[in-house]
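Next up, some structures in structure tokens.
Consider the two complexes below, in which chain A is the common component and chain B and chain C are the respective partners.
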Partner chain A sequence: MPTMPAILATTTWTSLDVWIVAIGAISGVACALPGVFLLLRRMSMMGDAISHAVLPGLALAFLLTNTRDPYVMLTGAAIVGVLTAVFTQWIHSAGRVDEGASMGVVFTVLFALGLILIVQAANHVDLDPGCVLYGDIEAGPLETLRFAGLALPRSVWINGGVLVINAAIIFALYKEFRISTFDPTLSTTLGINATFMRYLLMTLVAITTVAAFETVGSILVIAMLIVPAATARMWSDRLGNTLLVAAAVAALSAPIGHWLALEGPAWFGYPGVDTKTAGGIAIALGGLFALSVVFAPRHGVVSKALHRLRLSVRVAREDLLGLLHRLGELGRPAENAMVNRLMRATQVGPITLGLAMRSLRREGLVTGRGRVQLSQRGAEAARDIVRSHRLWETYLEQHLALPADHLHHAAELLEHVTSPEMREGLERETGQPELDPHGKPIPRSPD
Partner chain B sequence: MRFARLAPALIAIGCVVATAAADATGPRSITDVRVQLPSLDQVIRVLSLRDYNTAVVVIGVTCLGIASGLIGSFMLLRKRALLGDALSHATLPGVGIAFLVMTAFGAEGKWLPGLLIGGAISGGLGVLGILAITKLTRLTEDAALGIVLSVFFGIGVAVLGVVQKVGGNAAGLESFIYGKTASMLFSDAATIAIAGGAIAMICIALIKELTLLCFDSAFAASQGWPTLLLDTLLMVFVVGVTIIGLQAVGLILMIALLIIPAAAARFWTERLTVMLIGAAVIGGVSGAIGAAISALAPRLPAGAIIVLVAGAAFLFSMICGPTRGVIARAWRLIRLQRRIGRQHLLRAMYELSEEAGANAASFTTEQIHGQRYWAHGELRAAIRAARRAGEIDMADDSRLRLSPRGREAAWRVTRNHRLWELFMVTHADIAPSHVDRDADAVEHVLDPAMVRELEAALSEQYPDLRFPPKLDAGIA
Partner chain C sequence: MIRNGPSGQSRVSAEVTVRAPMESVHGPVATGEEHPSSAPLSIHDVTVAYHRKPVLWDVDYDAPEGKLIGVIGPNGAGKSTLLKVALDLTPKASGQITFYGQPYRKQRRIVAYVPQRESVDWDFPISALEVVAMGRYGRIGWFRRVGRKHREAALAALDRVGMADYAHRQISQLSGGQQQRVFLARALAQDARIYLMDEPFAGVDAATESAIVALLQQLSAAGRTVLVVHHDLQSAAQYFDHVMLLNMRVVAAGPVETTLTEQNLRATYGGRLTLLEEAAHAMAQSRREP
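For the complex of A and B:
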């Protein structure tokens, strides 16, 4: 994964590019923090709804005050953002409409309202729908604002301010956010007002959305809200870590995204063409998410598949040992081909079987080519497996009174999860019989 | 009352519709909120579809409203209302890439079928992405929708960025987002009408299968219906309608048409066929009205007007819908509470007569008030209702008594109460001191069939279930 210095080394970035990346990273982190809670509350689409619905808030704030003062705009948008959540909740509860549908009704209507208001004021307002949808991160560094003696780009001030607000509120109310997110009922009984926390989150989302609007546009705000959080969910089960990972993913996506926007078109036969950084950031986020879905530890697709494979290899190993033991009981030589055929007949795939055989040979439990033989240690392990199996059959017959033809299948599953202590317990419970219910000898421990 | 809180929203929407209808010609200040109505002649021209352009737009949008109302109903019942949202955003990269590919091969970049195919492919990929995320990870469907929607749109933004830089005659691709309703061509309207008609036909042909899929997909699967195929078919319809609608009316309007008419129709009925017809009508009519309004006020974006008209239809349905509307449900609740109050009054009077023996048959309100807990004003309302129903009358200035009909009703509700108490004690092992509260709630909902079942359940232990004694006229 290219890191920022690596990208800086391979490209000729000016200070303009660095500022673009900084703005993207700051607004990304500001979005990612409330986004984690949206995702955990299963309200991801609320980000979509709010980011569309704040449009009339922006328009009304302008029409009423006639300024483009960021505080006024933020306030107007935040009010409408919270109203979106309130209306959605009303329609959902008073009209018993599916939550997704009520969201859809509210935000499309509010967006339409906003469009009309903007068109009404189009002669005067510097707010065009294109800018709202796509944003204009490239123009971000051009407009500077002097504040506290520092002349930084205006969007750095705005998004930075929102980032500080979000981080401060989430840090200060961390416990309240956590409890009300995971268990609203518990939070109410503990005296934390779950409804207030819900609307506080909606307010944060609304403010964040509006701040990020100018830089990345209304749709990509959703990417910044949801995708870092979803990516972090693949890596972590703890809320604190999820927030940190989400912030890191959001920050990382800005340099990668800008680099993609500059270099990407050339890969597809458009040399010398660059494209929108906002789109690049969304692609970078999507890429990081896809990588995480595939490679994340524990929750990733590869890791889950490996885990399943390891489990099935272990089961196949134990089944192989049991098979060799039983063949030994019958006095039949264990020809390689026959062993394979018998194992395949129990639905073991060729890869699993090969891996199981290899690992048994490597550990020296099984020897011999062409004809498989159990080593001393292999014979002991095989005896334990068969012993577990037949003790279970005896136990199931004695204690659960299962019919004789139902014993084998259950014991076949249980033998793989039986520890030595459980085996001892089974011996005690069954009274150490010589034969299992099918009349087969239960092999004894050597001691 | 709950719906009263929605009044401000109604007023706000009303105001905006009124403002929207204002024809803004000539320079005007943004604080100028005068509503300038179009002349009668203009209105007549638009309503009679005498304008060729208006006729095309109105017909096209109406057909689109009908088709998306039908599909939207199934999506709503399948709890996938927002899928259309994700899907329509996901078409953007396909449109852009199709343009670039066609330009690269020297063809006309804006060849519509090519753009539509590109959009349909990337929309389909988006649906696959949603399915993959929900199947492969522990993320929920809303997250999958959000991820696919935003990342695909991001790709689209990047591709359109390239399109702009490369040049070529790219203007107009934007209409995939905003739509160009007002400049709809005859061919657009015809495409919409044909595709909408085909989709409506297939929906009607498959109505049984789709109904089963929406209401109980697990049962449908267990009965051997190809649920995956049917689901896929629904998705294909959504992609189809969205693709056709997008370039005609734009993204937001398309999402709105897929969700709002269906959600509005749901308030009017519990029957799917009625809901489908209702959604189609609401979709079609809002499309027609919206298109007509925007023809009268050409400065306003037609798509937005149609959304607002549909939104107003939704609000009206939500408040006034006869089966699930807010007023209807509030009215049913009030009626139920009134009946409960009346029955409480009757039982209180019955129990007073029982205690007092044969010599008292009329009681003061104070006596009745002391018989049980009454919420504020509940007793007065109950007395009024019972008098209107002829169940009680005034014995003299201050005393109430049961009429013959009231005696019968009082006996029945008391008996139901006691049957239930008995049932709770004998069959649910609940202490006799705890059963009164339960019986108090249940006595109102016991219908004759349930009473017969209770009698059967209790008849073994209590052979004589004719208690309590009827109040005979002699007592009164």
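For the complex of A and C:
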């Protein structure tokens, strides 16, 4: 395997495309990490608020120092970002206003102030409000910055620096972030001040947002903060995994997004046109989220549907066994067609029924083709089902005094959740009668 | 359950709380303006207000050591606030609170708090064991990871509440009663001398409730002081050694036998004591008579 520099040298890593993707991935991962905590705190909108509210911080930093030095910009943004969180909290508690409303008041006012300041500043220099809103990732690779003897695009240095800060702080204070997010009250009583941790997170969100500004703008940065986190929650039930998956989703969205931006317009009849990569990244994130909603293992739609299907097949299997037992009691042969008709009459779908029958045959509980027969093991299983059913009917009549015509339906539901232990309990409680309330014999085990 | 310790004489059961320091129920504990009490929890002249409306008014209370104490009162009586102000979570307008004579910030290690179950998001991506391990964070200190020793302590605490089998379940997969046990295990993992619990029986099944009570009684038998915010009058007489009747002020405090009287309850609940509650209380009272 070639060493790392060899790969870099042999690939087209100096090309514009690769750099655009790299910048997108780096800023995406930098956003995804604090984004997970915003999502878990149910403060997703705080990312929105901060990303807008930092505008006056940027403008003021520029007006005061007259440079676009990244440190100055990040500091200005961080201060205003934390102020946004502080003001929101003040108005929320002092004015007794709902937190969302208080956030809305704070960030719109700050955003408007920022726009005025930018227009002021734009009279002196070139600062484009459009670029602030949508970002300019394509211009990212053009401006290089030499640092530690390495000439890399300026946005790689800035976003990379923020990524390193975020990852280092979250790694070092992992347990503190976890407890202050999950249970701020306990956190504070244990000496881990939840208010401090909250403002630390807000600071991270503010500097991350500002760093990602140039890349994706102040609106799409919200997608980068929240969507990877929301996607990761579909796949993971632990905080560590959620952070890792969110980072992976963010990294993956950059190449997909760039590809979409290059190729997408041609699909809609605009060949030769390419759109903004930032937009492509947001669409890629949305797509990954949608895929996760459908296919994620535990929380996905498909997995939930499969779970329901499995459950209904199990119930249909037990109902089938019960039916075969009852037909046997009546001495009626179980013709395939009749069994199907009787089962379909109980609202069982054809797919469920087919699957249930197939699994019974595969396990050797049921044999015979045109006429269905219970094997010896099948007969035992069927007897247990019917026994549970009729014991429940007896129990419900004895203990709840349900009228006879109400017993069957309840017992029908209960028989599917009855364990052998519960059946023993039922035997004890009902005094082991021979007949159920409808006068039908309660089948016994042969022992 | 032992109700009467060697010092189980009646405590001052003032109908109206006065500013004078209350005499202590147990041992030669000095109380007074100048000398802070060395009781496990000593609340002195504490007043708390939200938006200029008093929630607690001149509360004076010394918790007796090693007792299971119920904090009883109607909704809005300031029961939860009392715990929060003791833990510096809510600012107080006046007064002092000490734990064994020291302010809370110096005694974090010996005080464990069980907040109300609804106070956290149970969908949080975390396992039961990880929640319980949080009880150890105060000992672990900033920046450090949760080591094996602390994970084992957390597992032992889960085992004590009968939840060891659920250690690696995500907390949203637990029932309400199991979640409450996880919270309790977290407090146990703190290995404290004083436990402050906010409605630990809210929304749990009967089996969990009796398991929790048994555990609390074990704790107090081992010399730990346990303060439980509780609102069910009927079970209060069975569960606790001592009670504190609170309705913004301390209406009465002391051993269950002498404090949980109809007169005190009426004073605590004002007109809010319904006929049913009175009947329930009378029933509990008659059952306790030999």
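Quick note on the criterion: the second predicted complex is superposed on the first by the 369 of 447 C-alpha atoms of A that agree within 3 Å, B and C clash if a C-alpha of one lies under 4 Å from a C-alpha of the other, contacts with A are read in each partner's own complex, and residues count from 1 in each chain.
Definition applied: a residue touches a chain if its C-beta (ideal position, glycine included) is under 8 Å from a C-beta of that chain, and two chains touch if they have at least 3 such contacts.
These figures come from a predicted structure and were not determined experimentally.
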Subject >> Fit-or-clash call for chain B and chain C when the two complexes are aligned on chain A >> reply: clash
Original post:
Does the superposition put A:R42 against chain B (first), chain C (second), both, or neither?
Top reply: both
**OP:** Pick one for A:H408: touches chain B only (first), chain C only (second), both, or neither.
**Re:** neither
Original post:
When both complexes are superposed, which of chain B and chain C contacts more residues belonging to chain A?
Top reply: B
**OP:** Examine A:R178 and indicate which partner it touches, taking first as chain B and second as chain C; both and neither are also allowed.
**Re:** second
**OP:** Look at A:A261 in the shared chain and tell me whether it touches chain B only, chain C only, both, or neither; answer first, second, both or neither.
**Re:** first
Subject >> Which of chain B and chain C A:D98 touches, first, second, both or neither >> reply: first
**OP:** Answer with first, second, both or neither: which of chain B and chain C does A:R314 touch in the superposed model?
**Re:** neither
Original post:
Regarding the shared-chain residue A:R233, is it in contact with chain B (first), chain C (second), both, or neither?
Top reply: both
**OP:** Please state which segment of chain B collides with chain C in the superposed model; the candidates are 75-83, 147-155, 183-191 or 435-443.
**Re:** 435-443
**OP:** Please write out, lowest number first, the residues of chain A touched by both chain B and chain C across the two complexes.
**Re:** 42, 96, 233
Subject >> Touching residues (chain side chain B, partner chain A) in the complex >> reply: 2-3, 5-6, 9, 13, 16, 19-20, 24, 27, 30, 76, 79-82, 85, 89, 104, 133, 136-140, 142-143, 145-147, 149-151, 153-162, 165-166, 174, 177-178, 252-253, 255-256, 258-260, 262-263, 266-267, 299-301, 303-305, 307-308, 310-311, 314, 318, 324-326
**OP:** Note which residues of chain A are touching chain C in the complex, please.
**Re:** 40, 42, 96, 172-176, 178-179, 181-183, 185-192, 233, 236-239, 241-242
**OP:** Over in the complex, which chain C residues touch chain A? Could you list them?
**Re:** 51, 84, 87-89, 108, 111, 113, 115, 119-121, 124-127, 130-131, 134, 137-138, 140, 142-146, 170, 186
Original post:
Hey, which residues of chain A end up touching chain B in the complex?
Top reply: 39, 42-45, 47-48, 52, 63, 66, 87, 90-91, 94-98, 100-105, 108-109, 111-113, 115-117, 119-121, 123-124, 129-130, 133-134, 217, 219-223, 225-227, 229-230, 233-234, 260-261, 264-265, 268-270, 273-276, 278-283, 285-286, 289, 293, 299, 301
